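Shared between the two complexes below is subunit A, which has subunit B as its partner in the first and subunit C in the second.
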Partner chain A sequence: MQWQTIFKKELTEHWRSFKWIWVPIVFIIFAIMDPLTMYYFPIIMDTVGNVPEGATMDFPTPSVAEAMIMSFSQLGMLGVLIAVVVSMGLVSKEVKSGVYELVLSKPVSFTNYITAKYVAILMLIAFSLAVSLLVGWYYVNILFGTISFIQITISILFFIVYFMMILGIVMLFNSFLKSQGLVAFLSIITVVALNVISSIYSHVITWSPTLISDYINVYFYSGQLETEIWFSSVSAVAITVICLITATITLKNKAID
Partner chain B sequence: MDATLIQLLIPLGVLQLILIIIALIDLRKIDETNGPKWMWILIIIFFNLIGPVLYFIIGRRM
Partner chain C sequence: MTLMSVEQLTKTYQSTNVVDELTFSLEPGKCVALLGPNGAGKTTTLRMLAGFIKPTKGEIVFNEERFSRDVRHYVGYLPQYPVFHNWMSGEEFLIYVGQLAYLTKHEAKAKAAELLDLVNLSDAKKQRISKYSGGMKQRLGIAQALIHDPKLIILDEPVSSLDPIGRREVLNLIRELKKDATILFSTHILNDAEEVSEEILLMHKGKMIKQGAISEVSETQGTTSIHLSFGEEPKFIEERLKEIDSVFNVNREEDGFIVTVHDINIARSQLLDLIKQEDWELTRFEIGKTSLEDIFMKAVTE
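What follows is the complex of A and B.
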């Protein structure tokens, strides 16, 4: 009951600030921009590039897998950035402005407060990812060739798991920092650090959650799902749960002080 | 060839237009922004994609 109230309040708030419209649109643009420009690159060069007379250029057309991976990697960078920025103020803003104290003057449990906010933002991001990657898939299908619907669906689901972890990290920083900018900054630093570490030691920590996107790429090339992607997903979920529990405890301790 | 290019580019243009329009609607409704409102109108209209996104992220007074 109580959980639903907070959840609904969050959803209306996201809706009022147009997040449900602009986040999906921006994600769609990210997803189709790269495949489009890659496909029309020769034409673009012909019309705007100063190609010297007689010079011939051969641009290999990227394969279907490469084109689809472009959409994913674009969302893996810019999409993560947007996801972090959209969720940076979820708790910290309310703590700073005093709304938080107002909410907690009623008997609201911290667990409900954190998880309801988390699920609401996760729904927004998951919806945006699914829609944008399906549109990207549609474009790739028209321009480069076919990728099966099952393959894209499975990839999207694993990609959402990756974003689950990112949002969990953002929630954790939200719980003990008041400045939104700092929340965003530290979250991005953490995600980048995780990415760098796991790509250096990718042969040792094959279960690292940031390798999910790498395994998705392999899946598009080979058509075979790596077993490691399951371990990566499990560790992503585990990190998310740890982050959310820690965030709840942090808020509890703050209330006692 | 050219027809498909146009067909593929139209959705992109429409999406960017929607983005600009909702940013402007929001700007009209909102009481206060970070920085003067006329500046945001210019940013939203003239900076494709980045303009509306910047407005939604830092323009709306948090």
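What follows is the complex of A and C.
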């Protein structure tokens, strides 16, 4: 019951700060930007470019898989950034402003506090990802060719698992830092580091959670789901759980100074 | 029967004892003032009692037989600078914290309405908290502390940041609350303590330097002061006053002298005898009890 109270309050707060509106819109822009510009590139060049008379330019139209991957990779970079920004203050802002003190003077369980906030923001991000990628999929289907609904749905679900881990990392930094900027900075550094390490050693740590997007790409090219994507997802969930448990313990042990 | 007893409560930050071995107990139905200059460790003490910082050492026992759950179920706490979710209305916030304290939505609503009435915020209950004035926020803060009918209400500097009207309102509210609950509030303003509380705890540099009923504390001092003023100041008056054996100290004030004496009955007749004998032009002779301020100053500078 207490969990639902905090959860509902979070949803309301996200709603009143218009996050439920602007995050999906920004995600949609990220998802359709590249496929659309690629498709209309020749026309755009014709209208605005100073192409010399008689010059012929051949732009290879991207394949369906390539177009869809563009949507995913945009969200994999800019989308992560937005996800970090909307969640960087979830706990740290409340601790810094002092609301945390009032909330905590009631018999609030730290587990409820952390997990309710986490699930609320995850819902917002998962919703935004699903909507934006479905819009992206719609345009790709019209402009480039067919991708099945099953395939896009499975891809979106795995992509959400990747974002689950990112939000878990942000929650962890939230629990022991008061500065929102520092939370965002360290979260992004961590995600980038994970990405770099796993792409260097991608043959060794095939289960790395940051390879989920690579496996989704392969899925679009081949139509076959790699087995490794399951291991990557399990490790993403494991990291999320560890982050949330650590965040709870950190908050519990921390005296408010 | 005690409501809460505290033994050797200590909190250490970076090897300094911010709170140093406090031992005291709170009786139900009393209003207790925790006094001390800034930095005495009052806020840290209150936070430990409210159950959200862990003491480094010592024990807080909250009526051990009857209550064994998390102490926060029985304690209402108002921090020194209460901060709310400014995007909520006053009513929404009260319902929110009520539900956090395990009231049902229905109970929380009913209690919120009752408290908004008590703290005189019914007219502003639909307004966003960001629009509230300082006094309104303080009253909302008190209301949120009361939402779950706590046995002990802890208020950290409830009146220090308020203007005289706000201060009066909050003091009246405390007087009202005293009827049903135990109140512990901190302040560095002695008048407030004298006005509403029966007992005081006096802290300085983390240590408890005095505790007890106000009347007791002022009596243990064993001295009383007499305020004297004269139309035309007699010569050598300070020396003459000091010669009297019951006089303990003489302080020059702007409008006369404060004479501190051991035994008021002896001192009164001795002083009046002297004045009559010398035919001094007396304009004021006032016997006043030692004020908390005197106790405070004396204890702190010792």
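Basically, the second predicted complex is superposed on the first by the 254 of 257 C-alpha atoms of A that agree within 3 Å, B and C clash if a C-alpha of one lies under 4 Å from a C-alpha of the other, contacts with A are read in each partner's own complex, and residues count from 1 in each chain.
FYI, contacts are C-beta pairs under 8 Å (C-beta built on N, C-alpha and C of every residue); 3 or more make two chains touch, one makes a residue touch a chain.
Everything quoted here is computed from the prediction, not taken from an experiment.
Trainee: In the superposed arrangement, which partner chain does A:Ile142 touch: subunit B (first), subunit C (second), both, or neither?
Mentor: A:Ile142 contacts subunit B only, not subunit C.
Trainee: Please work out whether A:Ser17 is in contact with subunit B alone, subunit C alone, both, or neither, and reply first, second, both or neither.
Mentor: both
Trainee: Of the two partner chains, subunit B (first) and subunit C (second), which one does A:Leu36 touch, if any: first, second, both, or neither?
Mentor: first
Trainee: Identify the partner contact of A:Gly98: answer first if only subunit B is touched, second if only subunit C is, both if each is, neither if none is.
Mentor: So A:Gly98 only meets subunit C here.
Trainee: Please indicate which partner A:Met1 is in contact with in the superposed arrangement: first for subunit B, second for subunit C, both, or neither.
Mentor: A:Met1: touches subunit C, not subunit B.
Trainee: Applying the document's definition of touch, where does A:Ile114 land relative to subunit B and subunit C: first, second, both, or neither?
Mentor: Neither: A:Ile114 stays clear of subunit B and subunit C.
Trainee: May I ask you to decide whether A:Ile25 touches subunit B, subunit C, both, or neither, giving the answer as first, second, both or neither?
Mentor: first
Trainee: Quick check for you: in the superposed arrangement, does A:Cys243 touch first (subunit B), second (subunit C), both or neither?
Mentor: A:Cys243 sits against neither subunit B nor subunit C.
Trainee: With both complexes superposed on chain A, which partner does A:Ala83 reach: first (subunit B), second (subunit C), both or neither?
Mentor: neither
Trainee: Identify the residues of subunit A that lie in both the subunit B contact region and the subunit C contact region.
Mentor: In subunit A, positions 17 sit in both the subunit B and subunit C interfaces.
Trainee: Note which residues of subunit C are touching subunit A in the complex, please.
Mentor: Answer in residue numbers: 13, 47, 50-54, 69-70, 72-73, 75-77, 79, 81-85, 87, 96-97, 99-102, 104, 141, 144-145, 148.
Trainee: Where on subunit A is subunit C touching in the complex?
Mentor: Touching subunit C from subunit A are residues 1-2, 5-6, 9, 13, 16-17, 97-99, 101-108, 255-257.
Trainee: Enumerate the contact residues on subunit B facing subunit A in the complex.
Mentor: 4-5, 8-9, 11-12, 15-16, 18-19, 22-23, 26, 49, 52-53, 56-57, 60, 62
Trainee: Quick check: in the complex, which residue numbers of subunit A touch subunit B?
Mentor: Interface residues on subunit A, with respect to subunit B: 17-19, 21-22, 25-26, 28-29, 32-33, 36, 40, 43, 82, 85-86, 89, 93, 139, 142-143, 180.
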